[in-house]
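Labels A, B and C are assigned to the chains in the order they are written; within every chain, residues are numbered from 1.
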Amino acid sequence: MAICYPSSPTWGRRIEQRDEAVRDGETTARLETDQHVKVVVFDSAVEGFFLTHYDFLARLEDLTGLPPGPTGLQPLPDMLVRLSRAPVVSISLIRGRATGVGSELALASDMRFASRERAILSQWEVGVGLVPGGGPMARLPRLMGRGRALEVLLGADDMRGDLAELYGYVNRSLPDADLDGFVDALATRIASFDKRAIIETKRLVNAASLPPDVEIAAGWDACLASMGRTAAQERIKTLMERGFHKPGDAENRLGYYVGQLGR
Amino acid sequence: MAICYPSSPTWGRRIEQRDEAVRDGETTARLETDQHVKVVVFDSAVEGFFLTHYDFLARLEDLTGLPPGPTGLQPLPDMLVRLSRAPVVSISLIRGRATGVGSELALASDMRFASRERAILSQWEVGVGLVPGGGPMARLPRLMGRGRALEVLLGADDMRGDLAELYGYVNRSLPDADLDGFVDALATRIASFDKRAIIETKRLVNAASLPPDVEIAAGWDACLASMGRTAAQERIKTLMERGFHKPGDAENRLGYYVGQLGR
Amino acid sequence: MAICYPSSPTWGRRIEQRDEAVRDGETTARLETDQHVKVVVFDSAVEGFFLTHYDFLARLEDLTGLPPGPTGLQPLPDMLVRLSRAPVVSISLIRGRATGVGSELALASDMRFASRERAILSQWEVGVGLVPGGGPMARLPRLMGRGRALEVLLGADDMRGDLAELYGYVNRSLPDADLDGFVDALATRIASFDKRAIIETKRLVNAASLPPDVEIAAGWDACLASMGRTAAQERIKTLMERGFHKPGDAENRLGYYVGQLGR
């Protein structure tokens, strides 16, 4: 769900987007061109989840057969790099699980705030023999340094809000009761400022901090190649048999479950 | 105020500099050439302030009409990038408000230590429609990652010592009663070491970590352009009417005041 | 001591390596080519020390007369940069002192975990007039930002586990009683994953985060040059007279002792 600050005449205050948002180039295009929106907050309308992993029941062709976006990247990485560059401030409000694409959307956002009690962040992919595809190898080391980034990516485990704050995975971890109010106040505050000053300041931060697109492209290619390998297909199949891809314990404790696959 | 370690025959132990220091290319030139000084500590002689924002009562021509310094940059960014490269170790001891240029001087220093109870750091500029001019878009993401840098710059709010420590804005936040002793001990310690080993080690850290001057120049240009825009002029005028640029509540709680301008 | 996960038929579970490990190009070559090992943990078999400084009783010719390794760098920096790039995950488990080369081995590893009560990290070299040689000017700013890196390198003081965690010098500092179990669980977990997914993910993190070899080479050259200077030779001689290079107080509290040399 995206909440826009200030309310735009064409958008309304809240737009139901749910999981479709991350594949939705149209949303990104509107953020790139809307003259009113200064801040967009991504939060969740689904209890227990911010946004989670890919749909592994979909055909791989449905993912790879799509035409590239304006950056020349495939639609998912295209959407993520455009979000980071968009002339609007994006904030991820993380309550529940942000795994895989969920973590990657948060990392492509400009800021991230997590519920201390209810946020779980992870890049779980290596745990099933995959390489992550949405850019975390490029983004995590620039946020938290090489050592902690390797722990997140190669450990492939669930991480709570407080450790995510210590590592710089999120800006801050806040008590769950304070999280919505804090993010709303920050978004409202920024939306009261001059849009051009916001945009130019962000653009200069981007020049100093965004990874080059070629690193995002390399990660995407490595991810697609890993999907076709036996090691990944067998691990995902086993995980499916244990309840993956259905509401329940395997999704709720994904870090634990991927740690059991190769034993 | 700059305190030099060890005491230099030409400098004396303490040099009153106050706000003039930051525009003072001569100070920088002496730090670049003095054979005795190994460490310089910047602290404040003014209660409640480390160093604060530009003088908005000065004529813009007085700022833009100055000839560039040896780096080719205008005097303020020239002084800041030369300080970072100077063959001397610079430490900012932050007690009171370090806003705008004050934050930028601290960021251009080699290290920063803050009073837990009495330090306030901020880049307030976006809050009045300005782009910051002294390099924080280049320096903050390299210190604390893109997400926290964007929060500091686009939130434009006051930040206390403990959060500044968590974010890496300062090296450490210390109890106010311990701050002077800690910084004096560290400066005295470093000043007891061999100057050439200090300089060569710093030079190699600089190669790994300093932003290129072109990023500083781009920020400066964006800042000057923003000063001429109506959005900034109107906000600064309103802020003046509310007590800005005079001792009092608007200066003391600048983060709060800029958050009220656009509502 | 290196512990390999999973147990390799040719390596066995534990290989006694002690201090020789860091000069041992053969160890690195085996990590580069072994098909079974996915994770290697470096810990210590010597009470009170992870790994400490160079042997200053050895002849300098023994260090500089060696042929370069495959990277074109001299053997020590060659070993360190190859470890960072090796197709295996390296974890430093730091209990006791990690000084000089010990810190540099930890920094070249993929992850670092420290004992809260018993780890001491330091780059002590500037304290005796030397420039560090194994890459910390290149690696520390990328882990913890320029300001904290300069404090570690120019302060040349001993740092405990908790501050190392705050600074990002280590991934985490853990209670001593929990450290072995934590690292063993993480290493076992990663070793249960698919080796190719691990390697490709690490390779992409490396692309985003490793310093270029030329920075490592420049640091090595500056270190060698500093060893020949009078300032360093005199300080090391004085330190030897105070007990350096023998078990005892000078080695145990090296940070304190180097702080006394120039007073």
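Note that in this section contacts are C-beta pairs under 8 Å (C-beta built on N, C-alpha and C of every residue); 3 or more make two chains touch, one makes a residue touch a chain.
Every value quoted in this text rests on a predicted model; they were computed, and no experiment measured them.
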{"item": "Arrangement of touching chains [line / ring / star / complete / other]", "value": "complete"}
{"item": "Same or different contact residues where subunit B meets its copy subunit A, judged by the half mark", "value": "different"}
{"item": "Superposing rotation of subunit B relative to subunit C, computed on C-alpha atoms, to nearest 5°", "value": "120"}
{"item": "Approximate Å spacing (C-alpha centroids) for the pair subunit A, subunit B", "value": "34"}
{"item": "Residue list for subunit A, restricted to those that touch at least two other chains", "value": "142, 144"}
{"item": "Of subunit A, residues touching subunit B in the complex", "value": "89, 109-112, 142-144, 165, 168, 170-172, 186, 189-190, 192-194, 196-198, 200-202, 204-210"}
{"item": "Of subunit C, residues touching subunit B in the complex", "value": "125-127, 129-132, 137-138, 140-142, 144-151, 153-157, 166, 211, 215, 218-219, 222, 226, 229, 231-232, 235, 259, 261-263"}
